[in-house]
Every structure is written in structure tokens, then in C-alpha cells.
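Should a chain be cited, it is by its letter among A, B, C and D, assigned in written order, with residues numbered from 1 in that chain.
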Amino acid sequence: MVEAIAMAHGWEMQHDERVVVLGQDVGANGGVFRATLGLQQRFGGDRVQDTPLAEAAIAGMAVGMAAQGLRPVAEIQFMGFLYPALDQIVNHMSRLRYRTRGRLSCPVVVRMPHGGGIHAPEHHSESVETMLCHVPGLRVVCPSSPARAYGLLLAAIRDPDPVMFLEPARLYRAVRQDVEDDGRALPLDTAFTLREGGDVTIVTWGAMTAETLRAADELAGRGIDAEVIDLATLSPIDTETILASVGRTGRLVVVHEAARNVGLGAEIAALVAEHALYDLLAPIRRVTGYDTVMPLYRLEMDYIPGVERIVAAAERTMADSR
Amino acid sequence: MRTVAEFRVEYSQLLGPDGDAVGDLPPFARDVEELVRMYRMMTLARSFDVKAVNLQRTGQLGTYAPCLGHEATHVGVGAAMRAEDVLAPVYREVGTQLWRGVTMREILVYWGGDERGSDFAVPRGDFPWCIPIATQTLHAAGAAMAFKIRRERRCAVAYIGDGGTSEGDFYEAVNVAGARALPVVFVVVNNGWAISVPLCAQTAAKTLAQKAIAAGIPGVQVDGNDVFAVRQAVSSALEAARDGRGPALVEAITYRLSDHTTADDAGRYRQAAEVERAWRIEPLLRTRRFLEKAGLWDEDRERALLADCAREVEQAVAAYLSFPKPEPGAMFDHLFERAPAHLAAQRVMATRRADRAGGH
Amino acid sequence: MVEAIAMAHGWEMQHDERVVVLGQDVGANGGVFRATLGLQQRFGGDRVQDTPLAEAAIAGMAVGMAAQGLRPVAEIQFMGFLYPALDQIVNHMSRLRYRTRGRLSCPVVVRMPHGGGIHAPEHHSESVETMLCHVPGLRVVCPSSPARAYGLLLAAIRDPDPVMFLEPARLYRAVRQDVEDDGRALPLDTAFTLREGGDVTIVTWGAMTAETLRAADELAGRGIDAEVIDLATLSPIDTETILASVGRTGRLVVVHEAARNVGLGAEIAALVAEHALYDLLAPIRRVTGYDTVMPLYRLEMDYIPGVERIVAAAERTMADSR
Amino acid sequence: MRTVAEFRVEYSQLLGPDGDAVGDLPPFARDVEELVRMYRMMTLARSFDVKAVNLQRTGQLGTYAPCLGHEATHVGVGAAMRAEDVLAPVYREVGTQLWRGVTMREILVYWGGDERGSDFAVPRGDFPWCIPIATQTLHAAGAAMAFKIRRERRCAVAYIGDGGTSEGDFYEAVNVAGARALPVVFVVVNNGWAISVPLCAQTAAKTLAQKAIAAGIPGVQVDGNDVFAVRQAVSSALEAARDGRGPALVEAITYRLSDHTTADDAGRYRQAAEVERAWRIEPLLRTRRFLEKAGLWDEDRERALLADCAREVEQAVAAYLSFPKPEPGAMFDHLFERAPAHLAAQRVMATRRADRAGGH
């Protein structure tokens, strides 16, 4: 997936000279995951800049650059290092257009790795999309395949407003796929139905998509026909796709890696409990990270939902149906 | 032990409190029109300020942050900038904004609780008021980076208060500006107080100009009540920045003659004697004395100017007061260029409710 | 309410010399809302300290002070200025005990005003409890009356772990109540049922509690008997009280001032949709702030839920019942 | 223009790369036992480091941040501190931690992905490894504040890297330390690189010691490959701090001879020649030469020391490898002192699942 991300950068920088890349180690090093590999050689040190080690500066300068007509694509090295940048993202990036009634705007993309499963040190495995999704004025995107990473990143860079782009670190090297470098963007705000099924709707995103698809295979073997939706754009949520699916299946399981309490799964459950309550044949289940700190790597796979927990939740949902 | 680096901080004042020149005056100080323009703008800022505080006291304006005492710094900076430069203000820089073309009506609309005040007709590129302390310094650095990348001969100017220099964002901004030699000038308005916290509780640094040393950029200190010194220092910093010689920091020493905002009561934490002392060196009087001593000003002109300013202010206030209130739906405008579907639904809800409640 | 808060500080500082207060303007000025009024005169400049203007420093130093045996009570001047402190709160304060297996801990209280309605400038009216509730290792509390502010603040200061204490700014001066200075704490983790009723459960907190109680009065006039629960501790949620109530009423409305998307209302709805689905007689409704920036003060009362919206939601919930 | 403040940054080196004293040696340099103890600890740190990298390469350890080249700084700081002082390390300070009593087994358990590694038996008050850059500087300031409030004669020491000096938290920490005259010393380890970013891209400041000027506190520069100079500078800074004379900053100039971490490949961004030059001035050799020239060391002792260190390291590795894996339930331990009810339920879920999956 990481090659697809570098490729999307390359296409857009080639076709739009306002696009500039900034972050720690994005230059000569090509990013610690190589997501910006080769860009500095190709587009020069002005358009691909290593910044000093300062996340607030990365986000705050991106605001200033965007307000003055550039289209910055900023990298935060790991999601656990997002917090120093949050003030600039929440109090300025998300609001500059609103605040100035459209006079200034912030077409910025902030990219960052998302989630665990790569045996990394503390703070390198976070998935706190909730914090971003709750902020009005931000779009939040999380691709689950190289092709979607390519198409969604193009869309994010072209979007006239700020987009938070969360890249599942576990997928950077795990998933390979030939992606055509055709500059075609995928729609933001649209979920992808990756597998159709009539018994239970499973909504997920990012690295959990692969687990969920595997779980769906397993469930099929047990006679349960799961529909798998990759949310892809985490905010705003494509409510229609979810409600339509739950309308057919009558059952909902949400799977995410983030902690459960006020995780994005809560919002999806709430939307369904408000708009499709009478469609529901069973309680809504969430399969999530636990409400504790993402543990160091020895236990990280005990924290992150896997096939087994997803299968169990879907089975219990079937069993609990009225 | 070997000395590997040496630094000094210089202070400059051109105009003493009594209106006498105490240094070599720059060319603009011999340009009569320009001098009057500067004095006029300082006076207008003060007239506006008094009125704005009044409007707040009578329930016609929200919380307001007065600029009383800061007029020389504000106008000095405004006059040093070019139209194509970009300003990142905090919340108090009325004088600079007026100089650059922001209207008094816009300023009132903003403090009157309406986002439309930030949609300046002029200057379109300036940043809006910035409430989260120090964050604007990074916007200025980013703007400067944009100018540099596009090879435009433009500069960014960021304001920051003495209190603001304690925030991480400020240091990150001056540091990155230095590291990338960005065309940006940081103006530190040292007015002695951050709400109730005096400078000595804010930092052990003897000067705020020396904060520049941490970033490897030049830092100077000027008398912030001296419009000549401020303009001169900022001008030469901007010139250097424009020529690709990198950023600078200018500390302007002044005093907040008012409460922090209309929500504050400075009497709780500072001595009347200190404020009295500060009134003796305030910026307007010394500029007026200079003009008088140069034979360019007298009681009549002063009266005429004050009347002029009062009229302008009244017009702005009238325009503000008759400005239609925003519709509830406006809170959904401009959040996104392309609004997602659920916002349209929420807008309908908010609007209906306002209708039912009989509007505003 | 602000007097009750100052009083709770005073009691605890008197009885526990480890308690120290830090923040901007908390000393001579007694806090911009006077929540620390008189404390510096009474306990001296060492125990009640104005900090430099730096929120990360306030939170980060509180971590260090707490780790070395003090019990810091830190003030963030407005919730919109919380963001620079978040890194220290999320990455350290909430985790120090976990990270060191109990060797070091962080008994810190971070207090801040919460919510709008006071005609303040931008960033002074935020209610982003979601961001704090999602963080494992934090307790989040939001009182709705002087008595609860007093008792809950005492509990927060005495708690061995970090507590985020959100004080509805609108209630600081609006609500007066004689509170006995008896040092009695109220339980954390427990919701308060402020009004009993059999038709619909309304869960809320903070400044919205008063609006909801008023709405309940209005509803009573229309023949609808609402049960009103003040959540008080926003994390962890007192699920039992909520489920028991919904078990009786069969209907749930959640009211909060924060934006809807991934607001805390979502979590409450999700909990009920998981654990009490078959109790539900009607869809779960949320009455919340909109998914836009809290507007400047001209429109803030159009943003913040009021009696009318709460009444309408409860009535629709009754009407939609199966 | 009037000069209102002047500053200078001094550099000190006591021991040249060839092992000759180039300055007045402090008393401890005449204490043979102490000298050997310091050299021994530097050697042990290096032996451990080599082994840890090896364990990672063979899949027996997670990502690890080597201390290769930093041994003089680490041991100099460790030796300057007292047991009752508190250290706020980053992630690389093996030498200081070993000196203070953290065990190699604990260090391995931590980098082996297990929180129990941070539950040091000794020193109980030290902060754990800190991954979010610069945040630890504020913890040290807070600890120092606690000491000051309680009137204890203790100090805090915070490490920070050259890259780390770009983060806002660092400046906030030195500034507040200065403003409150806190007993804390900041040790800036300038090893030239922050992953792939060289110092010149990090800041325009000529020295990192001058960052102290922004905070109004003393800043000095030392040769970080010179264990004498480091110990001396940090000792006198700590003495001042302990005596209530406030904080200081010490910049130790050294070099990261290794990759940034085992996940990094420094060959991608820096020249072999630069690394070779750095090897010529690395810290161990010069200390050994000094000892040899003083007649305190020879080939035999060196061999014995290396064998000793290897044995100690092997023992620690064995203890690490046989340390039982954590139970899944452990991820719920110590989050709160009093765990809320829902966590107990989640714990049961996590534990059951692990049972079903056949444990780990």
C-alpha cells in the first residue's frame, strides 16, 4: 500500500504545482515508511521539505501555506504524535474557511499511520480517529487497500477543505496490489460494500477490513452470510449505505481497533438506533479495542480485534435475534 | 573553556516621551503627510477604542480587547508593511488593522459576535483575529514559506504578546523561520502583563528580544510607545526578509493602559501607581508634541482631528448597529466548500426552530 | 457554582498539604472566573501558582509534580485551550500508572470551563468531552449544581488517578445554592437521577441539566412523564443507572451541547442499543449541538439545545413508539 | 541604539580524542576507583548495546534505539547525579540508566514489548522511557517544582535530543524552569541527527546551548564524547540547582554512530565519511587511552573487563529470555488504581479469548 501512496503524491504533484509535501524525514529518507519515497529527488527541496521536529509547526505552517494558496500534504510520523498538532488542526485548520466566511481556506491533507500490529514501540500504534471525527470541518479518511489508498488520497489532496488521511500501518507492506497510476480519484464520503450478504451487516475500516473479510469467509462456512462495508470515509459517515444494508440484514456489528468508549462504532450504532430501530432483529454489537492503553507489542494482538472475536460477535448476534 | 558564540540585544528609541528626537530620524519622519497620517491613525485607533469599550459597557458589543497604549506599536508596524504583505494579528491590533484597510464596522461586527466581521473586504490575504495564543506565529511562518516557495517578494508579520512568548508554538515558529530563512517578522508586544500575570512571572529572560537567539535569528528591542522607532525597526527587518536575508524578531516595549479585556478588572492585580507612570510615557502625546515642536500641529488641528475621528467612529458604529443579524443557517455556511448531506438536514432543523421561535 | 468550587479547593488544601493549584491567573486574580479566589492569600504562592502562558507546561508539569508525590489541581482557562495540553494528558497523565505498572502515578485534576451561553469570544465555549472520554485512563466529570460541583471536585482531588473536571461556564454565576463546607465527597462513576418518570428517560449533564429539567416540567404539562438523569461522571459511564431507567421507560433521549457526530450521546445510545434493545419502544433520539463550529455569540443560543428542542424530541419519541 | 543585554556561550573539553587532558582535571579524575567505574560503565553500555541490536536482528527483541557513541555523555550525567535526584530519560540513555541502577534485564523487558520493564526496582522515582519527543522536559520541571515546594535538596535531570529542541514542550520547560528558578538541569544530546534530519535543517542556531538564553538561564556546551567534561559541567549545574540558584542547560556534542533505531537505515541519508570521522573521536577509546597513559589500564585489564561485561550481558539476556510472557489480562492492570466495572468485564473477555486460542 505504501507504494500506492507515494504514487498518488507523485501524480498530484506532477499535475498541480501548488501541492507541497512537508513532515519529518519525508525528504531524503522518503518517510519512515517510505510513503514519500523519491518525491524530493523528483520535485526538489522546496516542494518536499523536511521540517524541524515539531508537529504543531507542521500543522500550523500547513494552515498558513494553505491560506496563501498552496496545497500542503503534511505527514505526522505516527498517530500517537498527532496530539501536539491537534490545536492547530481543531482550532484553525478545520475552521479557517468558516471563520472568514470563505475568504481564506485550508485545503490541507494531514497523513498519518493508523493502528497497531507492527510490533512498534509505545505511541506508534494508536487509532484515535474519534478525536478527529468529532471535529466539525474535517473530513477523515482511512483506506483499506492500495487501490483505495491511491484513489482516496488523490481525492483528499484535491478536496478544497482539510482531510485527515489515516493509513493503516499494518497494511503498508502487507498488502500488494497493482494500482494503475491514472490519476483517478475515488469519491470521498462514500462507503464501499466489499461483500454482499443478507444475514448481518459488518461495518469496519482500515486494517480491520481484512480481518472482517476473513471472518466473513469463516462465517459463510458456518452458514452465516455477512455483508461487509468498508466505511473508508470515517467522517462524514455514509449513513445511507449503512442504513440500506441494515434494512436488508436487520443486524449490525461494528468492528474497529480503537478503544470502545466513544469510539466511532458508537456513532454508527447510534445512527442505526435512531434511524433504523425497527429494522433491527438483534442488539447492535461492537468488536473493538479495549478501554485500556494499547499495550506494548507482546500483547498488542490480544488488544486488536481478530477474526475470532468478529466471528463470535456475528454468531452471537444471529443467536440473539428475536 | 572557549567562547563559541556571542550575542547582544540592542534597544532603540528615536522619540522621547517629551516629543524630542533622541536618535537619527529616518526619512519618513521628514515626510509631513506621512507623519500626519501616522498620528491620525493613532488617534483614530484611540477614538475607536474608547467607543468600543463604551458599546460593550452598554450591552451593544461582546467582550472587547482594548488597544489603549498600543497605538504607536500598531501604527508603526502597519506603516512599515506593504499592502501585499500579510498580517497575522492577535486580538488587539486595531491600529495595524485600520492602517491596512480593515474597517471599524468589520471590527465591531466581529466583536459583536458575528463571523462576517472577519471577511475583510481589504486586505483579503490577512489572517483573521486569532484567539488561541501564539498559534498565529506559525500561520505567518507558513505564509512566508508559501511566498518563499513561489519566489514572491512578500513578507508575513506575526504579532505576539509577552505572555504569548511562553507558548511552544511561538518558539517553534521562530525556530522554523530561522531554519528555513523565511520572510517573516515577529513583533513581540511586551505590554508588561498577560491578564494578571506580570512579565517577571512569565520568564527569567531579561529581554524578550533575546528569545530570537534560541532560533539563531536577529532580535531587537524598541520603545513601543515610539512610533518612529517601531516603524524603523520593523521596516528594516522587513527589508531584510524581502531580500532573502531571513526573519527577525522585534520586541516593542509598551504598556496595556486598559483592562485586559472588558471582562477583566485590572485593579485586582496591579497598582494604580504603575498605570500612572505608564500614562506619562504613552504614545499619542509624544507624537503630538513632536509635531507641535516641528510646527506641524496645534490645538485647532487637534480639535479638528478629534472631531473627524469621532465622526468616522460614529458612522462605523451606526453601520454596525444597523447591520442585519446573521440568520441561524449562517452557522452552517462555509464550514465546507461542499457541505456533506447531514449538515443540510441539521441546517433545516436549526432554521425551522428559529422560525418557530419567531426569529431573532 | 463558582463559590462552591473555590470552597472545595480550600477544604482539600487545608486538609491535604500535597494539594497544589496551578494555572494562568489562578493566583492574585483568583482565576478569570474566580474559581480559585482567595486561595493564594490563604495558602501562599508555592501552593497556588500562576504559571507562564503555556498549557502543555501546565499539564506536563502536573504530571511531573504528581509523579513526585504532589496532588496538583490544574486549571485550563477555557476548554478551547485544552488542545495544547492534550498531548501531555493523553500520552502521559492517563498512562503513567499503566506504563510503570503502578510505580508512578498521576493523581491530577485538570479543571476547565465547559460549554457556551456566556457571550464569550471564539474558543471560549467549547464542549469537547468526547476527546477526553475516549482516552483510557482518564475519569471525566461534569457537575450540574453547586453542591455536586463541591462534592465531585473533592472526590476528584482525592482520586488516585487523573480526573478531568469540566465546569459548565454558564452555571458559574447563574446557579446559587447554599453548600455546606463539610468536606464530604460525592461518588465518582455514579449518575444522579434528578427526576423520576415512567415515560421517557432523558440523559444529560452540565448546563443542559437545567434545560432538561425545565423541559421535563413542560412535558409534564403535556402529559409526558420524563425521568431526568444527570450523568455527572462522563467517563466511565454509569451504565447501570441508564439501563435500569430505560428498562422502565422504554424510551431514551440524550441531550448534550457538544456536536452530535461521535458525541458522548452516541456512546450512550450504543450502550442501550447493545444491552437494552428489546426494552426500547421507540428510536433513540439525540438532542445536541450541530456538527458545525460553535458560532460566535450572536448565534450561540441557536446552536445550544434549549427547552424547545428537548421537548420536541421527547414528544416525537413518544409519538414514534411502537 | 543601546546594548541592553549580552550573552556568550562557552565550550569545554577536558579530555582530547587522543586521551590527553586538555584542561584542568576535576578531583574525580584523580579518583582511580571512580575513573575505572566510569570506564567500566561506558564499556558495559556498549557491550549491552551490541547485544541488544543483535537480539533485535534475530527476532528476539522489538525495535531498539542504540546508544553507540553516547556512552561518555550517558555515564558523565549518571555520575554527576545523586541517587535521590530524578532522571527523565528519552529512549537512548542506557549508560545513565545502568549507572543509576536500572538493570539490563529491565531494559530488555521494556524493548521486548512488556510494560514490566518500566517498573524499575531501582531507582523508584525516575521517570520511564519517554517516546513522545520533548515531553519529558516538562516532567522534569514538574518534579523539580515538587522538590522546590517541599524544600528538598534534590534535582531533576531531563535529557533531550538535538531534534527535540525544535518541539514547543522543550522551550516551555526551560522557560518555566527559569521563571520559577527550578532545580532542574536539561541535557541536550546533540548527536547531529534526528533520524534523517541533520542539525542544520533543525535550527539556524549556531549552538544548542544558546537556546537557554531564551529562557534566561545559563547554557554551556561540552564535548559529549568527553566523560570528564560532561560530568564536570553537569555536576556544577546540579550543584547550583541544589543550592537554589536555578536551572541550567548543558549541550553535549556527540554523534550517533548507529542507525537511529533498529528500524532505521542511516545509509540512506548520511555519508560514510562522516561516520568514519566520528569514530575517530568516539568516547571509549579516549577514556581508555587516558587510563593507559596514567598507568591505570592495560591490555589484560581491558580483556578482563570485556569478558566481565559480556558475562553480565549474557546473564541479563538469559534472565530476559526466560522471563514469563505477560498475561493478556495484564493490559488492564494499573490503568486505574480502582478499576471501573466495565474494565473488569473487558478483562474477562480478553482473558477468555486467549484461553480459547491456546494461550501465548
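Rule of thumb we're sticking to: a contact is a pair of C-beta atoms (placed from the backbone, for glycine too) under 8 Å apart; a residue touches a chain by one contact, two chains touch by 3 or more.
Since we're looking at a predicted model, the values are computed, not measured.
*Asks:* Spell out the chains that contact chain A while also contacting chain B.
*Replies:* Common contact partners of chain A and chain B, which must touch each of the two, are C, D.
*Asks:* Work out the mean Cα position per chain and let me know which chain is farthest from chain B.
*Replies:* Centre of mass proxy via C-alpha means gives D as farthest from chain B.
*Asks:* How far is the middle of chain B from the middle of chain C, if each middle is the mean of its Cα atoms, in Å?
*Replies:* That gives a centre separation of 36 Å.
*Asks:* When the C-alpha atoms of chain B and chain D are each averaged to a single point, how far apart are the two points in Å?
*Replies:* Result: the chain centres lie 43 Å from each other.
*Asks:* For chain A versus chain C, what separation do you get between their C-alpha means, in angstrom?
*Replies:* Once rounded, the distance between the two centres reads 29 Å.
*Asks:* If a residue has to touch 2 or more other chains to count, which residues of chain A qualify?
*Replies:* Residue numbers touching two or more other chains: 52, 54, 56-57, 80, 83-84, 87, 91, 98-99, 122-123, 136-137, 236-237, 261, 290-293.
*Asks:* Chain D: which residues touch two or more other chains?
*Replies:* Residues 115, 132, 166-169, 172, 175-176, 179, 201-203, 335, 342-343.
*Asks:* Can you list the chain A residues touching chain B in their complex?
*Replies:* Chain A reaches chain B through residues 20, 46-47, 49, 51-52, 54, 56-57, 59-70, 72, 84, 87-88, 91-92, 96-105, 136-137, 139, 160-161, 189, 236-237, 239.
*Asks:* Mind pulling up the chain B residues that touch chain C in the complex?
*Replies:* Contacts found on chain B: 62-63, 91, 110-115, 131-134, 163-164, 166-169, 194-197, 201-203, 263-264, 268-269, 325-326, 328, 330-332, 335, 342-343, 346-347, 349-350, 353-354, 356-357, 360.
*Asks:* Using the touch definition from the top, list the residues of chain D that touch chain B in their complex.
*Replies:* 1-12, 23, 166-172, 175-176, 178-179, 181, 200-207, 209-217, 221, 246
*Asks:* Which residues, counting only chain A, touch chain D once they are in their complex?
*Replies:* So the residues of chain A in touch with chain D come to 24-25, 27-30, 32, 50, 52-57, 80-81, 83-84, 119-124, 260-261, 290-293, 295-300, 302-303, 308-309.
*Asks:* Considering the complex alone, what residue numbers of chain B touch chain A?
*Replies:* 86, 88, 115-116, 118-120, 124-125, 127-128, 132, 135, 137-150, 156, 168-169, 172-173, 175-176, 179-180, 333-338, 340-343
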